[in-house]
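Down below are the structures I want you to see.
Each of the next two complexes has chain A plus one more chain, namely chain B in the first and chain C in the second.
Up next, the complex of A and B:
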């Protein structure tokens, strides 16, 4: 008890030094919490951007289809898969799609697009297609409807109600086919590749056009609990009705995204390590200074019977108090900054990674566990940093120290 | 001179403190240099790849072609333009291109493709196309005995149409006047791999593409390389003035999303660096302040025997500058080999990251004077600034108060 009081008072013997040391520790805490929040919210945005826009959290497709998007590789009999999906209560929604690269032409221009045949109702629960409509209407199921990305619509110089000709070839016979559609809606997802490279028609129209019966190319899936998507022992990954089919979660479908997440994780770690090294150098330095100043005093206290372990504990306790005070103020500053950044976001400018566009202001969302975990690490690491000066202080030889000080 | 010697000796009075402070200055400097070098080097590398792979440093189009690419929006005063390019010493090479979309047919299958008409000789001076040939020979502009021109195709086209060198390739597209364009070509080589940007591109000799699209000697695009890539914005602006009826765009305006993402990433990086420098110098300020405080009595004596306050400030400034100089010198020994390794080998990420449409896979460092000098100047200036407040504090005290200080 005496020791705790001693340590606490020692901190306030040199207020200026303690304030600066605490500033150092507290700033490190603030920075690491904010960096972690920013990275979390960016990766969250990125994963959501990928899984919620079009791709879904998992996909079922014919093996090899994703390599070249070869239309011949389709699931010819999706019925049994779909009944499995319907009965699986881990699955929130799914959407079957026909995907064929085609030529699209208006009376003014022509271009290549990826043509999606989608089930209007199922698609609206699975992807952002319906909410991305900025003009006109979403698909209703009638034959001649077509939804275009905003940029491709601009390129073709068409608006709602204008005529569009799709040119492609039938999947099994490779006969050239042409069909007339009318633009019923225009969508804007954000990333350029999506808005300039996609066109959507009804699933039944696509199946008839390409003459593939009930066949589909892809079934995109969303889970009730999105965290599950990448665990390999889900039923849908294991029980596929045929070995020509594949089912994969988004991490396996998007290796680039995985690499990106890995890199951001690594960079937080590096940042954390640098901050820790800088802060602990400061802490070691400051504790050493306070020990030097008190060499005489420590020597006397040792001479009258304090054990070396007692001296070491005293120094460690001082480190602990410094860390606790810093965390206290660090948390207050973080909360204030957090409230400000939550409302205003952090403005870095427009970014686009892995086909996901980030808003100009990245929202910074703080969570409770950040306020528990990081202060805990900071306290722990400050204590580790204090070990060296503590050992040094414990080893002071009273006779020498008293002489030196005189 | 005396002051210099005093400052230098003072550094070694408390060598443990000097080492710890030096470590944090040196560590901060190393982080700073690494970060600047990696950012400049990695982006420099990726910019070099895509500008020399396809984009070029500057592109010239007919006005409004980039927003609405239509076949009839061509550049027709080619002779005049090319004479200007030859005369302009800042332009090292240029290449004319014809761009279009078409449906490609192999033996059985079809797929939409990008058609790129190039001058075989000029193109090789601007891009690495010749080195990218995977199999077969680089083509020329002469038709074969049957009057068919050669075509080079991207690897994904070869794979999805199942065609190889020597096979026929049929292209169907839309000509300049809206007529249907179709022609037969003979595949002469396969370009790149499945990760290349041109995996779905058909390269045609310029003359063949012009006759395919019923164009006379017109082109859609000129891509230029300039002698000073870092000055391409200014060169583009100069060219724009002479060519007021055309659209001259530097790559920054062609790859807008990538450019914005890069700028945002740099901004984020700068924030991080500012924070690190701040933390380093909170620690440094702490140390200097302590060392001044310790010597209060001593300073009082020096003042009493006639030292001017300004000399005291100078002394403390010099101590900090010496310390910074020593730390940076030692850090340089460590950091130069690191940067050298990053510049020559670098880190290859396991999967490329898609950054606003540009693939990013190689972390490279830049090895240049600037990389070492810029952080050095900033660290020196900051350490000078940080040493001012303790200096003023020492200078302001009256000798009597200082000698009474306890």
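Up next, the complex of A and C:
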């Protein structure tokens, strides 16, 4: 207890130096927690942006379909899969889709799009299609209605009610087909590639147009717990015939996103390491200053019988107290900033990254594990930083130091 | 009385070649239990070096020191620390109390190192404070005590571990003559009452007057070793 008291009081012998050291450590803690939160928020938004916009958290499709989006690779009889999806409690929603690259033309212009045939009701629970409608109406089930992305609508110079001709080929026979639609709604997702390259019609219309009966190209799924999507052991995945059908979570569907998330984690780790190394150097410097000031005192302690390990323990305890004080104030500051950022968000301006549009204000959410893990690392690294000065102090030769006072 | 300190042919050199200085030169000396001895001599005569060697704070180049029957040369590191803790008390010129600990805690410190129980420590701290005339001042930090009071705490700290030997290096150098005399009378009393061996390194006439034995050093060797019958 006496050593603990001694170490605690030693912290306050040079208050200015201790305050500066604690400020350095606490600042590092605040920065790393906030940066981690911001990155988590951004990656969260990115994942949500991709999974909630159109892709879903997982997809079931005919083997090879996603390689080239070959319309001939469709699930001809999805009934059993849909039945399984309906009975699976882990599935929050799903949406069957027909997906065929097509030509779209108006009186003024034409372009290529990916035509989606969607089940209006199920799609509204699975993707943002309904909420992305900025003009006109969402699909109602009518045979001739069509929804266009804002940018393609501008390119075709069409508005609500205007006529649109879809040109494509029947899937099984490759016969050319043309069908007239009227623009019933215009959607804006945000990412340019979605707003200028997608058109949506009703699923039944698409199935009839392309003559595939009840066939679908893709079933997009959302889970009650999104974390499940990337688990390969789900029952719903296991029941699929592996030779004709594939099921993948968003991480496998978007390997680029997975790599980016990994890189984001790595960059946080590198930044954290740099910050903590800098802070550690500050700790080493501060403790060394303190030891140099007390060389004689430590030498006398050794002379009267304190073991070298006792001297080292004292220095390590001082490092521990510095770390704990820093964490205490660092956590308080982070909580205050966290409350502010949670309420007000972090304004980085509207931006689009990797096909995901970020809102103007990014909500910064702090989690409990950040207040446990990062302070733990701070304490651990501060202690590691204090080892070298502690060894130095333990090796002080009493005779040399004591002679100074003679 | 048996010898508490036995020194045979002790030599300590500093530097090398032309810069070599022989601080202690082939010195042999015995000090009995309970002696009140002063090592005196001019600056550079080797007093402090000898005291450091006796206290195990420095290593000799040649010769042997036996302290309370233990050969210091055979001890190192942790064993030496433990030996100093249990057998030797140190009093320094600059008091050298731990500034962040109170007077009582400074006295308690060494007993804590010895693993003495809490109750025993508290009892002994009170006894020591009483012994050095600092009752009621135990909670004061060193900065709140006068030089004389601080040196009394240092004496109490040195006594707290109940050592066989107390090595005092110029203990009165920073004190005025009245305070110094009072402190020396107190140490003399402890020597007579408790039988603790005191070895001083000093220039101070007051210590020389009170020491029963005066060892004169010159150039690292004993020039004269005399009893002080007036002490």
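Keep in mind that, in the parts below, the second predicted complex is superposed on the first by the 394 of 406 C-alpha atoms of A that agree within 3 Å, B and C clash if a C-alpha of one lies under 4 Å from a C-alpha of the other, contacts with A are read in each partner's own complex, and residues count from 1 in each chain.
FYI, a residue touches a chain if its C-beta (ideal position, glycine included) is under 8 Å from a C-beta of that chain, and two chains touch if they have at least 3 such contacts.
Keep in mind that what you see is a predicted model, and the values were worked out from it rather than measured.
Undergrad: Tell me which touches more residues of chain A here: chain C or chain B.
TA: B
Undergrad: If we overlay the two complexes on their shared chain A, which of chain B and chain C does A:126 touch? Say first, second, both or neither.
TA: neither
Undergrad: Please indicate which partner A:301 is in contact with in the superposed arrangement: first for chain B, second for chain C, both, or neither.
TA: It touches chain C, and chain B stays clear.
Undergrad: Of the two partner chains, chain B (first) and chain C (second), which one does A:93 touch, if any: first, second, both, or neither?
TA: Touch status of A:93: no partner.
Undergrad: I'd like to know which partner A:41 touches here: chain B for first, chain C for second, both or neither.
TA: A:41 contacts neither chain B nor chain C.
Undergrad: Regarding the shared-chain residue A:326, is it in contact with chain B (first), chain C (second), both, or neither?
TA: neither
Undergrad: In the overlaid three-chain picture, which partner chain does A:68 touch, first (chain B) or second (chain C), both, or neither?
TA: After superposition on chain A, A:68 lies in contact with chain B alone.
Undergrad: According to the stated criteria, A:59 is in contact with first (chain B), second (chain C), both, or neither; which is it?
TA: Neither partner.
Undergrad: Touching A:9 in the superposition: chain B (first), chain C (second), both, neither?
TA: second
Undergrad: Write out the stretch or stretches of chain A touching chain C in their complex.
TA: 2-3, 5-6, 9-10, 13, 296-297, 300-310, 398-399, 402-403, 405-406
Undergrad: Could you please specify the touching residues of chain A with respect to chain B in the complex?
TA: Where chain A meets chain B, its residues are 14, 16-17, 20-21, 23-24, 27-28, 31, 35, 67-68, 70, 72, 101-103, 105, 107-113, 154-155, 157, 167-169, 174, 176, 191-193, 255-256, 258-260, 262-263, 271, 274-275, 277-279, 281-282, 284-286, 288-289, 292-293, 348-355, 357-358.
Undergrad: Which part of chain C faces chain A closely enough to touch in the complex?
TA: Of all residues in chain C, those touching chain A are 48, 52, 55, 57-58, 77-78, 81-82, 84-86, 89-90, 92-94, 96, 98-101, 105, 108-110, 112-114, 157-158, 161, 169-170.
Undergrad: Spell out the residues on chain B that touch chain A in their complex, using ranges where they run on.
TA: Contacts found on chain B: 14, 16-17, 20-21, 23-24, 27-28, 31, 67-70, 101-103, 108-114, 156, 159-160, 173-174, 178, 194, 257-258, 260-261, 263-265, 267-268, 272, 275-276, 278-280, 282-283, 285-287, 289-290, 293-294, 349-357.
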